[in-house]
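Below are two complexes that have subunit A in common, paired first with subunit B and then with subunit C.
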Partner chain A sequence: MGYNQDPNVQPAALSGEVTMPAALAEVEPVQSVRTPAAIEYIATPGASLSAYLRAMKDKKILGDKCPVTGQVFVPPRGVSPVSGQRTTEMVEVADAGYVESFNITRLPIKSRPDLNPPYVSAWVVPDGANVGSISLVAGIEPEDVRIGLRVRAVWKPDDELEESAANILHWEPTGEPDVVLDDLRVIGKPGDAQ
Partner chain B sequence: MVESTSDGVLRAPLTLEYPFTRTTGPVVGGFLTGLREGMVLGAKRADGTVLCPPLEYDPISSDPLTELVEVGQSGTVTTWTWNGEPRAQQPFDQPFAWAMITLDGADTPMLHGVFVDGPEAMSTGMRVSLQWKEEREGHIADIAGFVPEEAS
Partner chain C sequence: MRDIAVVASMQRQEKSIDNESEVEYMVPLMHGVKESIGITQADVGFTCSGSSDFIAGQAFSFVMTVDGANPVPPISESHVEMDGAWALYEAWVKMQMGEIDIALIYGYSKSSGGSLRDVLATQMDPYYVAPLWPDAFAIEALAARQLIESGKTSMEHLAELASRARDHAASNPNAVRTKAKSVADIMAEAPLMDPLRPSDIPASADGGCALILAAGDRARELCERPAWIRGIDHRTDAHTLGVRDLTTSMSARIAGEQAGVSDDKVDFAELYAPFTTSELVLTEALGLGDDTIINPSGGALSAHTMMASGLIRIAEAAQRITNGDGDRAVATAGSGPNLQQNLVCVLEGE
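Moving on, here comes the complex of A and B:
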């Protein structure tokens, strides 16, 4: 006993088993506890992203065009990430493109009970855009998804469309030949003006 | 759900949540095991006094604390404050008191909610009784809160 004044002395290890009242001797011990931390916002998307979301309601995908390099960025943020310049021109890109990268998820996520593992999250680059964004790829076995796979958007039914990127349920294979790696090196790299 | 309001600005709720799970260790885990089984446990110190909620180490001597003992489910309010605007994750959806409550058989107070109609029903030294949730899982929220002893 006595106050330990030396900060370099390690605290004593637990010298023995923790003893419980006899009534609890046989029950399954609690070993973990849920401690979720949540921050709740009301999000407002800003001018550029608002235009993108409104176009989504008409099944159109809009991007911002960089005034310096001509590259097209989806989703649009109002500023070119390569030149830092404010963007002034929005262009429509196709609702078809290719898989630049992907991941197979095999474990469920509590907040997304609608996603049944295994499922594929992919970085999909729409035709006419210089970057991709994260999307689901379905209509194909996860093991058959590959870099360069050509895909097209599967939209919600027309009467369910709203101002939301969730209007694209997922992307499915088009059956076209894959985009080859050499092309990928040219397309979509920052600094390569189209 | 996206909302397009009369001012033309799009708005949508956005929840950023980290679904942490923490391991408890044997002492805090023992306390939570007790809650799940409808018992409140404290850690017994070398001088016989009881810390509730329990700590793994004695705050004065740094000695490990390994003996968990049951304490009472009624106690005394040692200090309190009124919470007029409860938030979503707090123990009660109507205004309530936060109170430090020293349970019978314990020598240190624990923080929890006391459910009364208003601050005039609260006083330091008042007696309160624990109210359990019907479904318990081994979490501090297994204790729904406390009510004045005569009302329990």
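Moving on, here comes the complex of A and C:
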């Protein structure tokens, strides 16, 4: 097609000097463009996560059990991140647990106008699970939240339940004595995976 | 150069994998390929993968799949937002440095969850082209039109390539488009993206591939007939479609020369050719003649799992060498619109 085949020579289309047509000489230059982009997906969460989401509708929390170490992971992913093995057994964990760590957020988030700072995001480990996930803790002054605090899930009203982790609005203190973390568990010991 | 070979591979491709997440269906491949040659992750010096967040529709999607590689205690690992063939290239370079003997490579995607033809528009120029959301098939139809108008091919010839791919795919358990179709029947197909017909376009699939590279004597221990990588190179053409000749592929030609494709007879070639037109361009760019069997697996026309399709070409070629079906093969991987980027790999048995 007449193109130069030598990779070291610039293509003809790029070699000349670029000049604006005279008709555009007085036109205001474009400072910015807006090119909205959106792609829709149908997410297929897979076997384990599907079971977890379905159970959420019945106010149950399911986890995956590692076939090698026996550790329980919530939310389940279908594979043990410690042994790398496919998990085959799902177990129900409690909708009560403890705060493993937390932060106090003092800045508003645009996508969550329902959250009024300051609020507490916590890493909550349900009883029966070896890992936790990020959750909100409410019903307590942020300054009073602490590692080891016992909490229980506050669910949406029954008629609003969906196949969604959003069914848990937040976790609130149970009033039980704090747990001592040293007694509980050690995740990901190299020995566990062998 | 260190001698490095493909010693094992495992793949799965289906029209859509509905009930398993990527990591759920990749773990059996990642573990299975190691088990098939009696090694564990502890034997693997480097793990490298290829996948795409744009296809998964999820940020850092590859991290979850790393869970399946048995990363405790921590492993040496890397990821490319490219076809797994480039993960293989990264591992090959690392192995050349002599520090590791075995590498695990995998590539995968589950494109059925989104519209791949639209997702691929996001790889185009973000200012002038991507905002128009050009359909990926329509972009290739531009090349097809030029190929036909220039006299390099005809609708009949393209139909022959499509018909042959279906015949080859009949014996491939991982192919998803396997139904035989005559040239006449393909000629009668209504165009999908004129001039491309349904048989000219890839059979999109969900799935993945896992593969083991091993060096020197370690490869000979693990595999009766390793498929040695005798040459590997990858090149990129210009991103802007208007500045390149879509009827040829300079990047494939140069990569082929660097990899040494024409140094000896090529028994068969597994070409990353999602379209009949891409097969035509690659065959010419690599100088492959009538004595080379093209795409004995049926190629990407028969099963095209984005991000794995190139790695699967290498796996298919290597498996045939290991099986003794031939002594010398070429495999290619591609990326970008209209074969913008090409990787060429020459494999030989001993």
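The definition used in the following text is that the second predicted complex is superposed on the first by the 140 of 194 C-alpha atoms of A that agree within 3 Å, B and C clash if a C-alpha of one lies under 4 Å from a C-alpha of the other, contacts with A are read in each partner's own complex, and residues count from 1 in each chain.
The definition used in the following text is that a contact is a pair of C-beta atoms (placed from the backbone, for glycine too) under 8 Å apart; a residue touches a chain by one contact, two chains touch by 3 or more.
This one's a predicted model, so the numbers in the text were calculated from it and none came from an experiment.
Using the contact criterion defined above for the overlaid structures, shared-chain residue A:Val33 touches subunit B and also reaches subunit C. In the superposition on chain A, A:Pro118 contacts neither subunit B nor subunit C. Of the two partner chains placed by the overlay, subunit B and subunit C both lie in contact with A:Tyr41.
When both complexes are overlaid on chain A, the residue A:Pro108 reaches neither subunit B nor subunit C. Touch criterion met: A:Leu24 reaches subunit B, while subunit C stays clear of it.
By the document's definition of touching, neither partner reaches A:Pro67: not subunit B, not subunit C.
Of the two partner chains placed by superposition, A:Gly139 touches none, neither subunit B nor subunit C. In the superposition on chain A, A:Ser50 makes contact with both subunit B and subunit C. Shared interface residues of subunit A (contacting subunit B in one complex, subunit C in the other): 1, 3, 11, 13-14, 33, 35, 37, 39-45, 50. Here subunit C touches subunit A in the complex through residues 18-24, 27-28, 30-31, 41, 54, 57-58, 64, 67-73, 110, 112-115, 118-119, 122, 126-127, 130-131, 146, 150, 238, 240, 242-245, 247, 250, 254, going by the rule given at the top. Of all the residues in subunit B, the ones that touch subunit A in their complex are 1-2, 4, 9-24, 26-30, 32-34, 36-37, 39, 41, 46, 56-57, 60-64, 66-70, 89, 138-139.
Residues 1, 3, 5, 7, 11, 13-14, 33, 35, 37, 39-50, 77-86, 188, 190, 192-193 of subunit A are the ones that touch subunit C when the two sit in their complex.
Every residue of subunit A that touches subunit B in the complex is listed here, in rising order: 1-4, 11-21, 23-24, 27-45, 50, 53-54, 110-111, 162-164.
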